[in-house]
Amino acid sequence: MLVEQKKIDEAVATIIGFGGTGILNCVQCGACSAVCPGVKAGFPLLCRNLIRSLLNGQLEEIIEDSSSWGCQACNRCTEVCPQGVRPQEVVFAFRRYQANELAFSTSAVTSQMNLYETGHAVFTDPKELRRQVGLPEVPPTSAFNKQAQEEIQALIDNGPMGELGLF
Amino acid sequence: MAAKVKTAFLLAGGCAGCEMSVVDLSEVLVDVLESIEIVFWAPTVADVKYCDLEEMEDNSIDVAFVDGMIRNTENEHTVKVLRAKSKVLVAFGACATLGGIGALGDLHTKEELFKQAYQDSFSTDNPDGVMPSPEYLLDGKYELTIPALLDNCATVDQIVDVEYYVGGCPPHPKFVGQILTSLLAGELPPPGSWITSGKAVCDSCSRNPVRNGQERLPVGEIKRTIDGTPDPDTCLLQQGYMCFGPVTQGDCEGSCLNVNMPCRGCGGPLPGIKDFGARCVSTIASSMADDAAVDQFIDKYNDMAKMFYRYAHTAGSLNRKVAALKDK
Amino acid sequence: MSFCPNIVGFACQWCTYAGADLAGNLRAKYPPSIKLIKVPCSGRVEPEHVLEAFAQGADGVLVGGCHFGDCHYKTGNHKTSQRMKIFAKLLADSGFDPRRFRLEWISGAEGYRFAEVVEEFTKELQELGPNPIKEGV
Amino acid sequence: MEKIGLYLGCNIPLKAPDIEQSIRQILPPLGVEPVDLEGAACCPAWGTAPSFDLDTWCAVSSRNITLAEEQGLDIMTGCNSCFGVLSEAKHFMEDGERRRTVNQKLAKINRSFEGTSDIYHIAHVLHKKVGMEKIREGLKFDLGGLKIAVQTGCHSLWPSDVYAVKEENPYQPTILKDLCEATGAEVPHYSRLGACCGMGGMRSTDMEKSLKLFKEKLVSIKEETDADMIVTTCSSCFLQFDMSQPILRERGEIDFEPLPTFYYTQLLALAMGCDPSQVAALSQIDRSAIIARIQDEQRLIKEVA
Amino acid sequence: MAKVGVYVCHCGSNIAGVIDVSAVRDYAETLPDVVIARKDLFMCSDSGQEMVKQDVRDGLVDRVVVAACTPRTHEPIFRAAIEKAGLNKYLFEMANIRDQASWVHGHDHEGATEKAKLVVASAVGKARHLEPLEDKFVDVTDAALVIGGGIGGISAALELANMGHKTFLVEKTPSIGGVMAQLDKTFPTNDCSACILTPMMVDAYNHPNIETLTYSEVDDVSGYIGNFSVKIRRKQAYVDWDKCTGCGDCAAKCPAKTPDEFNAGLSDRRAAFIMFPQAVPKKAVIDMDACINCGGREIGSEPKLNKKTGAPILAPCEKACPADAINRSLPLDPGGRIKEVEVGSIVVATGYQVMDKGWFKEMAPDSPNVITALQLERIISATGPTEGKLLRPSDNQKPKTITFVSCMGSRDANFHTYCSRFCCMYMIKQARLLKEKYPELVINMHFIDVRTAGKDYDEYYTGARRMGINFFKGKVGGLEMLPEDKLRVLAYDMESAESIEYASDLVVLATAVELPEDAQGLAQKLGLQFCGSNFFRELHPKLGPVETSTEGLFLAGCCQGPKDIPDTVSQAKGAAAAAAVPLAQGRVKIEPIISEIIPENCSGCGICVPLCPYDAIAMSEWAGTARAAIEMSACKGCGVCTSACPSGAIVLHGYEEDQIFAQIAALTSGGRNHAG
């Protein structure tokens, strides 16, 4: 691995730009990784190891790695971090970098489409089930609410997600 | 017999209380009049006109006393004339030296003052909302003028040079007597000075704990004068009644304290002190026990400017400059 | 166009002045708005000093002392706190914007904080504009 | 009766409406009136807007929060993920700069985030606002003798600095334990109490890794507690426990029958005597036997009966 | 009229790299009363100083302003220079244009230069009003006080005493010895702690120049270098120490139990107790907080009488004491008694405490088998609760696997950002001692990284690796409570980038070193300040490591920052040497930067009297009336009274009213409003 300052600066700036503002606080103690369910399950690039790669300037090299999408967003890392890094924000910042480069699994597209169209990331037609348990068929959510859906679409269109060409 | 000392009194924007103090000299005044000749005492006592003053020769008056602050164009004009006619000019009393109570009007705009005085006050009956105007044509033929209110109040020395200052609202008659006596004896401090004992009210106050060999304790609980009745023998400040005696020239010999009221500073600051209100804050705040007492104080006395600059607003180092901005 | 306000700072030599020196050691950047007058203790600062600075046209005045419990003279900063609390109210009630006056506790170990305080105060004064009495008189 | 905005999320109204029904049935008798947040959308889930753009995340979350703000209500969620996402978004919105930017977005749909609504999990509402005493008073059946393994779930524990209500020690959570014990049941400790169940992004990204984690947790429950059932306050954890136990069983990775799993309000609704066909109707694992044990006549509490 | 000379320093490029030094010099020349303005590459160099001295000697200048770095370091240097040239050294003022200008405004050269001009103008303004002042001298009390009886305090006291100075050694617990007395062995030599410490404790106690006051605390300190008055509260022991022989019979009979502090709470002691077997002095104490007043008899009340025999029914402790040292009928003052001593200098060696495990919620603090390293120290100590056998607290069984966790609360922004410095080493020591004694024990140690900077330290660590102790790089994230009171360790191995999980029987936390809670009160009494890490602040981290900003007050040991025993002893001896200087000199100089009351101007209001933090102001008779007066030697020159005096009667020399007003005038004179 070649260590290039330019690449390191670029990686750090990218992560900070996407919300991983604490990355430079990291002293690589590993406490985050010790409690991370993703690390335990075997995702190679989460928490301490992801931050290490980024601090080495390996941003482009790891862009296809799917570990970040295995992050449970549980924030155990944030709770134990002794330096206020908020490692989950770094993981998510990296995810955002990947997403904005369209480097994510196609299966993730469905939930974006669902969100855009129905306001619900998880969407199945609930009418039958709801009737069965004695509830009105239509829930009081955006699921069948045109105005609510338009509002969500306006919020998504008016931001980087809208520019990705998914919708 | 030596020539009598030519003396003048001018009331500027004041209440004439200072002149009452002169009159209160009673028999002493009779003795003094042996040695002085009143050449001008307007508009209160003598039947003289401003034009009489204007016609006098420059430097023809030996000593002139001005009481009251400079509040309108008339005050400003006459004090300038008097200055030219006088060898020695004395700013006499709290208003003339520091601004006095009336100067607190500078915390408000002219409009607010007029509205309050001519419209909103309880006893005013002015359904048409008529406001005084400097010029008025009566019946289409009589041109009447009244003095115009200045934008801001001024002390006498902010308008003309002043040789001596005397504090008090009003100056205590006994002290006035001493001043006149020393004037006549020619025992005067260098020009620019206050004629004063130079000591604080505390120095003559019988309640001052340290004069009685006791310790002065920090003030923990703050009281207003309406809170209970102060013990007449104990220091008022020590009891929590905010007394400005430590900060104030005590030529009054503690008149207010003698009737169980705390000092509010009419005597003015002690020699060498630049700003009465600011110094007063420093002293009074230092005498408090802790921040809690300070909070209690701020809570109980809601307007600090009217509290600490009650008599010294115009002389405050920043106030006149701030007042000049208020109508802008 | 923003202007560089002139801030007169009174700094106790044990804490805030030392903190300002530490900011230098750390090369912490802040605007050249503030100029410090060193005093032994913030308790040496009189309300008159602050008034004078404003009367002379200073855009802001900062009084800096030690944190409570940290005063080299045990309780000097408590007295400062008492005085300046009332004084700030006096300024406000006299019609002068009290935001131009700040009392801050900055220790000798807080170099970065000193820089941050100056940075922030400068920004606020830029928003407030120049001391109005400078033009007023 | 205290009103509170009922924020449903996605899973509960669309996939598990019996949980919704249980919430709607238990709250009024306990003195809380749930108010629908008409038009509420996804929180948005971690894998959507939060994975793309912070401001879009905050905008969608803030829109949901404004639905409650407009009615002057606080928000109550039943889903841990929603609780986490909304709480974190609100935390982000404390930054003035971000609040300005996001409010500019919201202005386009005539909304404005003010930050006046607090965000609660339904467990918090039951624990802090209703209280154990009132829960006990509302019971029809005493669950004494039943053993429950609890699963609090991640998103109401960490990071503790963003939550309006928090556990005294997030590593030893007690809120759900207290709630379950209020029904009379026993809630033994197990070592992987705080461990992740493997649901969420992990399950959609790598099913095998998710199951590996889940199995560890499940085994810890089985071996250390031998519980009669699992009770959770996270609708995602509920789905994992309900869907993945049969898979492990089928693969022969576990040698015991899947443990019936309930969302807490379902358990409480059953204990309060609600109709199981409405409040606990939908699950992969057959829960009829345990429901019968819960609503056994011998458990009837006299005063109520 | 003053003749002010202004000397502007380039400080190499430190100043000149940012500030236009020539422009500042040119500007200085235009200021009123400035007769000379010069510049030099390094004003503090010999040649720079010589330039000033020559101008003084030639009579060209009588006030000197140097525009350079901070007066906090360089004012003394220039004052000394002008004094050598024959000018009163207080006719000097510094303009700080480096630390507070060039170093912080590198992004704005023009702004920095303009600021430098104003700062110089301010210094000149003050200089014009400076008056000559004379140093004053006072005699010194030839005695020292050492606060804290740990290894630091003992070392300092012995050093001072051996130099011939009377020394009071004050310790708050019943025995000297401190934390070191609780330790089993010491790294890197594995010396038995008691074996090397106990002789020193005895030496100190028996030293003719040392008066050891244990079970005592400093109640109040007043005065100043050379003349401190100290009130020491000797706590009530409820045992007559003149009679007590330290036999321990009272403790043996006492029925009341309370956690034993010396054993870090792992065992109980009695209410009547001797702190530890090698205590010095070996005296019993009755802890009234724990005493159960046997027979319902409060201390200070007469015993009940036996109805049959009429004999008094004594408490077990009273009855047990063969030396008649315990008499519960005596109305002893619970506050103890105050002893007042006069000393010339003070060494503070109050030591540290370790954080409680309760702070670390992720570390299963409720488990009895999670312990602090100090607790393990007691477990492996022969005088400890298990008499040195490794048994875990939950079941008194020998653990098979033991885990060490470093950096608990140290290097952690949530608690203490600093490194506690000696944890790595003592963890390795404990692991080595255990592994030597129990080779079959599995020992896993988790570090962020291993820090072994010290003589023979790294060898000690590498040796531990060779002994078969397992080292993991990576901070432990948490513990989970397993059945049988075992703990699941959630750790991480940085080398393999994998998480680690295993069950451990005993977990040892190396919790951070911090000041004890009562340090705050002591700091107030002594006028000590705290550093960013919340230890007592030394005068200068490099050049004044044992001094404090209060003259005559010195620091030793962990109260100044975490240190191991060798460093503590070194610093203690350094502090003792520094504390001996004023005692040896016999008199000390008092800077004349102090307040003075002009009695002519005083109105006798007395406002200033309670304001003085040093009680230096009192009312006294002057010209037949009460006026305030300041005791010069007690004044420390804060100026709090000066600012409060309503009569303007108090002058703080060096910070006089006209000087400060001149500075304000200068700073507001030309304030440019440039685009920012």
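Every chain is named by a letter (A, B, C, D and E) in the order it is written, and numbering of its residues begins at 1.
Convention: a contact is a pair of C-beta atoms (placed from the backbone, for glycine too) under 8 Å apart; a residue touches a chain by one contact, two chains touch by 3 or more.
Remember, it's a predicted structure, so these values are computed and weren't measured experimentally.
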When chain E is left out of the picture, which chains can still reach each other by chains of touches?
A, D | B, C
Spell out the chains that contact chain A while also contacting chain B.
E
By Cα centroids, which chain is closest to the centre of the whole protein?
C
Between chain A and chain D, the Cα-mean centres are separated in Å by 22
Calculate how many whole Å lie between the centre of chain B and the centre of chain C, each centre taken as the average of the chain's C-alpha atoms.
34
Measuring from the mean C-alpha position of chain B to the mean C-alpha position of chain D, what distance in angstrom results?
74
Distance between the CA centroids of chain C and chain D (whole Å) is 51
Send over the residues of chain C in touch with two or more other chains.
46, 52, 79, 83
Where chain A touches two or more other chains at once, the residues are 40, 76, 79
Numbers and ranges of chain B residues touching at least 2 other chains
279, 282, 286
Quick one: which chain pairs are touching?
A-D, A-E, B-C, B-E, C-E, D-E
Which of the residues in chain D come into contact with chain A in the complex?
8, 10-11, 13-15, 17-18, 20-21, 24, 36-42, 44-56, 59-60, 63, 81, 84, 105-106, 108-109, 111, 154-155, 157-160, 170, 195-196, 198-202, 204-206, 209-210, 212-213, 277-279, 281-282
Applying the document's contact rule, which stretches of chain B touch chain E when the two form their complex?
198-200, 202-203, 208-211, 215-218, 245-247, 250, 270-273, 279-280, 282-283, 286-287
Within the complex, chain C is touched by chain E residues 70-72, 96, 98-101, 103-108, 111-112, 114-115, 118-119, 122, 520, 523-524, 527, 529-532, 537, 549-550, 593, 611, 613-614, 636-640, 642-644, 652, 654-655, 660-661, 663-665, 667-669, 671-676
So, in the complex, the side of chain A touching chain E is made of residues 25, 27-36, 39-40, 44, 48-49, 76, 79-80, 82-84
Quick check: in the complex, which residue numbers of chain E touch chain B?
601, 603-607, 609-611, 619, 625-626, 640, 643-648
